[in-house]
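Next up: some structures, all given as structure tokens.
Below are two complexes that have chain A in common, paired first with chain B and then with chain C.
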Partner chain A sequence: MHMTSREIALLAIALLAIAGFSWFSPWFATVDNLLTILRNSSELLLIALGMTLVIAMGGVDVSVGVVMGVAAWAVGQLLLVNSPWLAALAGPLLGLLLGLITALVVVMGRIPAIVGTLGLFGVWRTGLFALLGGQWLSGLPGSLTSGLMHPLLGLPVMAWIIVLVWACVWLVLRHTPYGLWLLAAGNSEEKARLAGIPVTQVRIATFMISGLLCGIAATCYIATYRNVEMTVGGSLALEAIAAVVLGGTRITGGACSLLGTLLGVLLLRILQNGLLLVGIPSLWQTVVTGAVLLVVLSSEAASGRVIAFRRTA
Partner chain B sequence: MRRITTAVCSLSLLFSGYALAAEKVAFVPQIIGIPYFQAMEAGGKRAASDLGVEFVYSGPVDTNPMDQLQIVQNLIAQKVNAIGISVLDASSIAPVLAQAKANNVHLFTSDSDAPDSGRPVYVAQATDQGLGDAIIDEMVKRVGDHGKIGIVSGEATASNLNSWIGFMQQRVKSKYPNITLLKPQYAGGSASRAAQIATDLMSANPDIKGLIAMASTTCPGVAQAIETAGKNGKVIGSGFCSPNTARAYLKSGAFGYTVLWDPEKLGYLTVWAGKQLIDGKAFSAENRVPGFTEPVKFDSKTGVLLLGSPAVFTKENVDQFKF
Partner chain C sequence: MSWWRKSPDLTLLSALWLLLAIGIVLVLPQMLASWSITSILQFATLLSLVALGQSFVVMSGGGGIDLSVGGNVSLSAVMGMLALHQGINPLWLPLICLLTGTLAGAINGWLIARLRLWPLIVTLGSFYLFSGLALALTSGAAVAGVPAELTQWGRGTQFFVPLPFLTCVIPAFLIAWLILSKSAWGKWIYACGFNEHATRLVGIPVDRLRFLTYCLSGMLAGCAGFVSLSWLGSARPEIGVNLELESLTAALLGGIAIFGGRGSVIGVLAAALMLVTIKTCMLQLGLNSVWQLGVVGILLIIVLMAQRLFIYRR
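On to the complex of A and B.
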């Protein structure tokens, strides 16, 4: 497999971080802790995957965290009436529906994605507040947890679901016309339309896929944390955008890297976990992750300039 | 003559009625939509109807200090008479306090303080020292006077949480020299982040004996982390958590106990204090407040009006409380 320079750089930083954390903390490189990092990554892995597609299409969606929150509320409520199967399915279904609403607002309403989804972010957050009626769902039944955390071939069922979702998205992106259309629309909407690509349908489908992934993340969230608080998913959208951009997906659209997103998510979570394990106060974690983001992006810009200079010379 | 008397009477009634309707006491929580502040809201409403004032409850949907200050400024603009605020960021409250004074609004603190801001009174749930001591003493009762205890806090700027942490550290230093209190970690307002931090603390310190959740937002996360790690009873979870939030976890054994007070009564006392300020009545060393069996103490040196001593909730008594 051919890796881009960005993917190699991310892998190198991640390995360096892993080596450093293992050196300074005997508890970092343990099976339990690595499983913890994976478990902590689960929602972000799903949401960042959808965000990769949305950004590759030239859009962005800042409402994803709250969409997950609303879907998580539905999952939690159904779990309270004791139907884990229905609850597990409710997440993806509601996510798909909310993704459709996002698509209608942004694509049919012809509103810039960042503005439209910011509006929806406010609507869903207040909606979630109204749904919760001021009361958190906490201490939800463990029926969903025992199902999704059940070990299968050494990993919990939830991990396999995430692997399956990633495989599906990869197949759709690389082996169906949709993938080509998505990148073409991201490169230039006008040219894509002139080339006869169904741009509107592609954009609607992309927001719906992202919504569906938020919904699956909601089911995973409930299985992991078994509570829904008012502020659920608040920082997820920004973390997802950071992971996607770190991974080398072009913020203006037209190019994307699934492997890069995967590495981006894992790097963010490894840093959060490792810094705490080596005893750095959690206040500094956002500073470190922000610094990594800036270093990776600016070094790329610098090397880009060097190449450009050589070409002109 | 009778007609005049009637007229005067009805006029004065009207006037007093007008005065009653015009007196507004507001309370601004750190975040709306959590059971804790809802209980304070309920107590505030009860006091308002007892004391004949109007109660206004308004706060941010996220623990954002800037949003909170904007809400206070809006309330000042609306000409409410007194505002109690559970301060999110003690450093930024002073200018708003000056603005309130200029508009003849009594701005005071309740539930979380800004000690150096010049506020007229702080309605305290319990002394910060009483709370810090209680949570450490109860923990030592369960894990013994040896071992490591972790702290998962909420926002790093929340003055009440930081003050409790300070007294917890003092208590350990002066009374339990063999207890190691780990450096506090901050989860913000997110339960999932609290769970991740609690999990990481347990990974980094396999010999950890207890975990203390400082903010009500961090309680479910810390408890969930202990349950997920399969360490119910091995790591004693605790925190400043309301019975509603902690009930399931106290019963499952993830939490051994929680420490708090009755926020409904705190809300009541807040509105009572606001009414005293509006009426221009000074607080005495011991105050009779309707519905309180014990007199409510006021410390004129620190300006603290104290609700009483903290309550400890366990799986045995938790069902008696509904907040």
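On to the complex of A and C.
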């Protein structure tokens, strides 16, 4: 498999970080801790996957974290009336619906995705508050957890679901016309339209897929944490964008790397976990995330070798 | 009717103001008291300063947006207070806040104008960096110990108008108005937002201009940070939360076109005042502050759709 220079660089940074953290903390390189890192990555893995598609299409969505929160509320509520199957399905369905609303606002309203989804972020945040009635949804039954955490071939079912979702998205992106259309629309909307590609439908579908993935993430979230708080998913959107951009997906659209996104998510989570184990307070996590994003991008732009992130003036 | 065609955004703003005023008179007449006007202006000081910087950034085009303003406000306030605790003269406090803000803005501007990185990603990264630093440096707690002379200025009023509003906001908007309408610099900003390619061909230094708008946005955020600590008596690391959403909404409601090249600062001030008035009304009605976020979000979407319908009509 051919790796781009960006993916190799990310892998190198991740390995370097792993080596460094293992040197400084005896707990970092244990099986338990590596499993913890993977478990903590599960929602971000799904949401960043949807974000990869959205950014590759030339959009961006800063409301994904809260969309996951609203879907998680629905999953939790249904779990309380004790129907784990229905609850597990409710997340993806509601995610799909909220994705459709995002698509209607951004695509049909023809407004810039960043500002439109920033507005929706505010709306969903308030909506979640109203739904929760100012209280945490907690003490949810463990039926969903026992189902999704049940070991299958050495890994919990949830891990297999995430692998399956990634495989599906890879197939759709690389082996269907939709995948080509998406990249073409991200590359140049006008040219894609002239080529007869149904750009509007492609954009709506992409936002809906992203919403669907947020919904699946919501089901995973409930299975893992079994509560919904008011600020759930607060920084997930920013982390997802950071992971996607770190992974080498072009921010203006038209080119993307799923492997890069995977490495980006893992790098972010490894850094966050390792810094904590080395004894740096968790408040520094956001600083490190921001610094890594800016340093990687600016060093690349300054070296001038890769022009993927350069704006065309 | 021709007025509506000429500036649909300002008409929308006036209509919203009218609606709000009628609502206040009918439902919340106590909001017309002088104390409430003072408190609205007090809260509006932060937002209008930040929204002014945001407006310059958006107006100069090129996908310009500054998501880091909130983090910058927090960071400037925190840095000012930390310096004060290191034993510097309180007289230097405003300078340190302004300098921190300008420097933070300059980092954004350098990455965007020089390295040509996309503004959305740069300011997203620096939003993380600044707000994270503000929290980490203080462990999340407010830094108290602002000298009494400063809080006297920060909380003082003159004819119901808070002193920070009189001495920071009004001069800032006056200068901004003068720059935009009377100086070549202002014409250049409109020009490079309106048609970047043509502006470059004419020989206007587009990159330097954009660098300066990010510095300016940072400086105004620093000023807002200084106002916040002299008003609240402490530097709060979370004072800037959600300011990026609110300042963008204020700028766009005020008639700044999202793709640049269009807008006036007077509208921005009116829009910022309106957002804060709505906020205060909701507090008076006993609604949780989360509801403001939803209202601001809906307003943002409405004004964008209106811009699409009436300004960028294809």
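Of note:
Rule of thumb we're sticking to: the second predicted complex is superposed on the first by the 304 of 313 C-alpha atoms of A that agree within 3 Å, B and C clash if a C-alpha of one lies under 4 Å from a C-alpha of the other, contacts with A are read in each partner's own complex, and residues count from 1 in each chain.
The working rule: a residue touches a chain if its C-beta (ideal position, glycine included) is under 8 Å from a C-beta of that chain, and two chains touch if they have at least 3 such contacts.
On a predicted model such as this, the values are computed, not experimentally measured, just so you know.
Per the definitions stated earlier, placing chain B and chain C onto a shared chain A by superposition produces a clash between them. Once the two structures are overlaid, the count of chain A residues touched is higher for C than for its counterpart among chain B and chain C. In the superposed model, A:H175 makes contact with neither chain B nor chain C. By the touch criterion defined above, A:S138 reaches chain B but does not reach chain C. In the superposition on chain A, contact of A:P281 is made with both chain B and chain C.
In the superposed model, A:T126 lies in contact with both chain B and chain C. Contacts of chain A with chain B, set against its contacts with chain C after fitting on chain A, overlap at residues 125-126, 129, 134, 230, 281, 283.
Within the complex formed with chain C, the chain A residues making contact are 60, 105, 109-112, 114-116, 118-123, 125-127, 129, 134, 230, 238, 241-242, 245, 251-252, 281, 283-291, 293-294, 297-298, 301-302, 309-311, 313.
Put simply, chain B touches chain A in their complex at residues 31-35, 38, 61-63, 156, 183-193, 195-197, 199-201, 203-204, 206, 217, 219-221, 223-224, 228, 244-245, 247-249, 252. Across the complex, chain A meets chain B through its residues 25, 27-28, 30, 32-33, 36, 40, 43, 125-126, 129, 132, 134-136, 138-139, 221, 224-227, 229-232, 234-235, 272-273, 276-277, 279, 281-283.
Considering their complex, residues 62-63, 65, 111, 115-118, 120-122, 124-133, 135-136, 139-140, 196, 200, 242, 244-245, 248-249, 252, 258-259, 288, 290-291, 293-301, 304-305, 307-308 of chain C touch chain A.
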